[in-house]
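The following pair of complexes shares a single chain, chain A, combined with chain B in the former and chain C in the latter.
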Partner chain A sequence: MNDYRYDYETVKGFILSAIFWGVVGLVVGLWISAQMWDASLNIPPYFSFGRLRTFHTNVLTYGLGIGAEFGVFYYLVIRLAKRPLLFPKLARFHLWLFNVGVAIAGITLLLGWNQSLEYAEFEWPIDIAIVILWVIFAVNILGTIIKRKEEQMYISLWYIIATIITVAILYIVNNLSIPAGFDKSYHIFAGVNSANVQWWYGHNAVGFLFTTPILAMFYYFLPKSTGLPIYSHRLSIISFWSLIFAYLWTGAHHLVYTPLPDWIQTLGIAFTLFLIAPSWGSVVNGYFTVESDWSVMKNNYLTKFFIAGITFYGLQTIQGPSQGIRVISSLIHYTDWVPGHVHMGTMGWVTMTICAAVYYIIPHIYKTEIYSVKIANAHFWLVLIGQLAFSITMWVTGVQQGAMWKMTNPDGTLKYTFMEGLLRNYPYWQLRTLAGIVFVIGMLLFIYNVMMTIKKGKAELEAKLQAASATA
Partner chain B sequence: MSENKKLYSNALIFSLAAAITVLIGTIATVFIPMFTKGMHPKLENLKPYTAIQLAGRDIYQREGCVNCHTQTVRPLKSDVLMYGDYSKAGEFAYDQPFLWGSKRTGPDLARIGGKYPDDWHYQHMTNPQAFYEKSNMPKYAFLNDRKVAVEKTIAHMKALGFPYTEDDVNTLKNSTEMDAIVAYLQVLGTAVERKAVLTIDETMVEETSPLAGNKDAILKGEKLYKAECAGCHGQNAEGNIGGSLVDYASAESPDRDTYLIIANGFEGAMPGFAAIYDKEEIWSLVEYIKSLKK
Partner chain C sequence: MYKEEFDDLEKFEREDTKHKLPLGWLILYIGLIVFGIFYTYMYTPAFTGWTQNKAIEETLNK
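Up next, the complex of A and B:
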């Protein structure tokens, strides 16, 4: 019993840490979005766009995203294994190391320790800390799964295992580098090869940090919160294996029209298109699960988050592969379409699913009800509107940008200079900042709701204890 | 079926199966190419970075320039017109890591080396808005106040196995970080033989301006001048990095010569505008410049 309670502290710790880093990352996100249209908001050297943008992506990926995943997985695994965590004290240590790590990592990015590998910007001392962190997590989670009391492993565990293994392989290989001082290293790979390794990492790190772990949550919490069983077990199996198989071939779609050999690009594009099938396997599985009783959409506020989330996952996995195709890539690559695409996934799919998981877990831990379903609904709509406004604005900007770069005069010369194209983006970029503000307000409501639920849970527990001592 | 059951009930077997599954694509598209010659091409003219260029590249990475600038020109007509010859695999052999980037908030830099004179870069890095009023690039004036870290740069040269000499290191001693980043920018893309994407020759241009005396053309030329030329030649065209156009106009050069200078530029001193300005625009600029005559 004590072990279980102890684990909850770790779960709570990770969730609250993730929320904290989330706020930091989102505020910086708003700041850099404004720097895009007003250069005077740069405060060099530490707070100029180049450093802050790196800070934004990493703090949200590692602080909010992975922090929440750690917390949710520690909650999930003990349930699916029907036993306490193997090493609860190690999990607590993991929590502290995680927070110290994110803080130091964030500071080093502002100091300019930057490998310039997208999503792998940290310098080698931080990389080593991350590997240690991941091993601690892996030992605890895999150990608990191995020593579980439930014979079969539920779908969520498959995704958790795949996440742990694949991220380890990706992270270690792409971060192989030659140290040249405490704050500096050089990729051991050079030129074209460096590019190929980096985008194999870059695409799959996103996949195995923002897709598979979130699917693990989705497959657990959707049936749990609706009381409906997953529609098809066979579909789960097929989509799992084909997803993790096909994913690792696709990184080169980020390098279309670069000097990377054409055959690797083509292979990347082909597997990217194939990836639609397994992704939609999970989307269909989600829809058909709810299909057996659509009233849960109305009666259960969590279902909305999950179904909207998986819908954005579905859109994302249609949009992503189409972007890989050469003709579309030639128009929208390097434009604002790309952040539009990324943010539909992160603000739509990832954040909505994580928020719903947290809404589910916190009342369970505190044995209470959510503080306010009304606020949760307001949170849902603000996040949805903010995200859609962000993504759609960026898609429009991206297409316009790409078209202006390409447009030629009758005599074959270019119609616009780069600067003319840039100036046309400003109104859209301003709109994006506005959309970001709406999204952040939604997230603040979420945080308020979670905090009030915790407060309420604590008060109820105290009242119960008092009542118990009064009768005794 | 029983084997199937084993897969989903034995975590170790499952982990192994998952690891093998993710390694197949990895081996095919990442590991095998890694060991082929085709992934390690090197152009004959390509040289390792000098000490100061490497110091500049370190700064480029430190400041996160890769967030806004790409370093790869695509083999697309519009990319080539805008930036120059498309990128070749053999240009990047000494790039650890590659810095191709994924977003063009600013323009591509793969062919920036030699496009502008050094002065242009110093002034532009210090205050980009002096060139383009609405530019969203941050100011990097602080690079002027910092000395290059000599010991660190030597350590970096050693780590990369780049050759360097005593003289090389000595030049670092009095250099600022601005000197370093400009040195880096000026070497970008220079391993490829540089040829203008569009070169206009005399036979393609009228001898005298077809827009001579046209007031609208002068106004249009002035607008273009303010947007693209004023950064170098000064707001009132009396010269800055580039020469005084007032003096130039007063010397009464033939129209065609002015047209060709604008269209083709001078290597290392002024970029050519043939790819982005059509004939009418260039003649308008010629008319504006002529109107500056004292």
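Up next, the complex of A and C:
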């Protein structure tokens, strides 16, 4: 009868798994932030900072970030294509493989299986599993888009397609390596080439795991939850194509003042600065959309998440390109400014937008209302305060660190030893842990709210079914 | 179970601004392209002779 009954079980499965991995990753994040100012919290060999840090970044990137993206994409694509998934059983298998994969991948990192490429630390057997997982996902999503019943392709679909194709290319190229046993391999590129390929990957992983997929969510859920149509599609499409075109050239800005050839660095910086334009295209589009009726900020709790999220995206895309410039890079590169920068994006833009998408999807699937708007508001403010406190403390300490490393006495010797710089970081690192605790409390409220909404939805559904069978 | 509501993509875009690009943004866009070309020219050794090593030496000699 109803051809369009969608498979929401997989969507729910991914969202709940993402939340689970999110908690694991956040708790480990708190732990490593405390390890920075209390070395006794290191438990070698498995739970020392070196291993937990990679665990933290990978579990949050792949477990929380990608997990939520898988779920939200499965939800978005069926709606925007106006047809069920091409292979619903494959999607279910994808869900299981994903969870087993994140668990095994996390364990291998704790065991110390690690190639020294940032955000690409997994060893080759895990890499192969990830490629298989991604192909399953790509076949299902791209197939559904090709066989769509809605002719028009909404901007979110473009961002989804870009995510799938680009991540596949990036991941495969940067993880090409020669195995030396089951748990060890060596990058196929060497020296400067290895660094260049690694940062081509490293920066674009941020772009195509934390920017394009989140924009896909933003462009769909903002108009859906506020009822306000997007300001201009022309602007979103032009921003899309220029973002995609420029992004892939920017990785070299991570290698300013290194042996990488000067012209590659320069080209990387030029493209990096250009990225402000397409990023702000989406920011402007978001603001102008809400500008047609600012009352939604007050009346609709989700708007806050989206507008705060896109604001942090806007700030991030000013901060990022300016960091690429040689003079700023020479001051703040390798300092704690960098985690401050990264976390404004991941905690401010990515997590807020994902949370808002989940807040929208879960009640929608169960045909109910959110359990508590009050808790959602409390969640919003805690996350906002936690994130700002985290970012600002790291910016301050980063500039201080950079300045202390650079200061010289009149005879040219360094004014401060490395240890002196380190000691001055302690108060800021302790503040960061506090900020992290505030953020995590906010996220726990989010999880509680989602769980209670599911419970409420199930109870309501039960009541409806009983009423229906009583009348029959 | 329940009827699925469809998304009406027509409703996703504002009619009055369908083909508008904000002027300020357009200036930023074109400005950054022009600046990018200028910057690439200025800081590429083959064009102007600028190199990272020379720049560092100059700073050290100051």
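List of remarks:
Quick note on the criterion: the second predicted complex is superposed on the first by the 466 of 472 C-alpha atoms of A that agree within 3 Å, B and C clash if a C-alpha of one lies under 4 Å from a C-alpha of the other, contacts with A are read in each partner's own complex, and residues count from 1 in each chain.
We adopt the following convention: a residue touches a chain if its C-beta (ideal position, glycine included) is under 8 Å from a C-beta of that chain, and two chains touch if they have at least 3 such contacts.
Not measured: the values here are computed from a predicted model.
Judged by the touch definition given at the top, the superposed model places A:K456 against neither chain B nor chain C. Of the two partner chains, chain B and chain C are each touched by A:L267.
Touch criterion met: A:I230 reaches chain C, while chain B stays clear of it.
Look at A:P339: by the touch rule set out above, it reaches chain B but stays clear of chain C. In the superposition on chain A, A:V284 makes contact with chain C only, not with chain B. Of the two partner chains, chain C is the only one that A:R79 touches; chain B does not reach it.
Applying the stated contact rule after C-alpha superposition, one finds that A:W241 touches chain B and leaves chain C untouched. In the superposed model, A:V192 lies in contact with chain B only, and not with chain C. By the touch criterion stated above, A:I276 is placed in contact with chain C alone, chain B being left untouched. On chain A, the surface patch touched by chain B in one complex and by chain C in the other comprises residues 152, 257, 267, 271. Of all the residues in chain C, the ones that touch chain A in their complex are 1-4, 6-7, 9, 11-14, 17-22, 25, 28-29, 32-33, 35-37, 39-40, 43-46, 50-52, 56. By the touch criterion given at the top, residues 35-39, 42, 44-45, 48-51, 53-54, 112-118, 142, 145-146, 148, 151-153, 157-158, 161-162, 165-166, 169, 173, 178-181, 184-198, 200, 241, 244-252, 254-255, 257-261, 264, 267-268, 271, 330, 334-336, 338-339, 405-411, 413-414, 416-420, 422-423, 426 of chain A touch chain B in their complex.
Only residues 2, 4-6, 79-80, 82, 150, 152, 154, 223-224, 229-235, 238, 242, 257, 262-263, 265-267, 269-271, 273-274, 276-277, 280-281, 284, 288-289, 292, 367 of chain A touch chain C when the two sit together in their complex.
Considering their complex, residues 5, 8-9, 11-12, 14-15, 18-19, 21-26, 28-30, 33-34, 38-41, 58, 60-68, 70, 72, 74-79, 81-82, 87-89, 91-107, 128-129, 132, 134-142, 152, 155-156, 158-160, 198, 227-228, 274-279 of chain B touch chain A.
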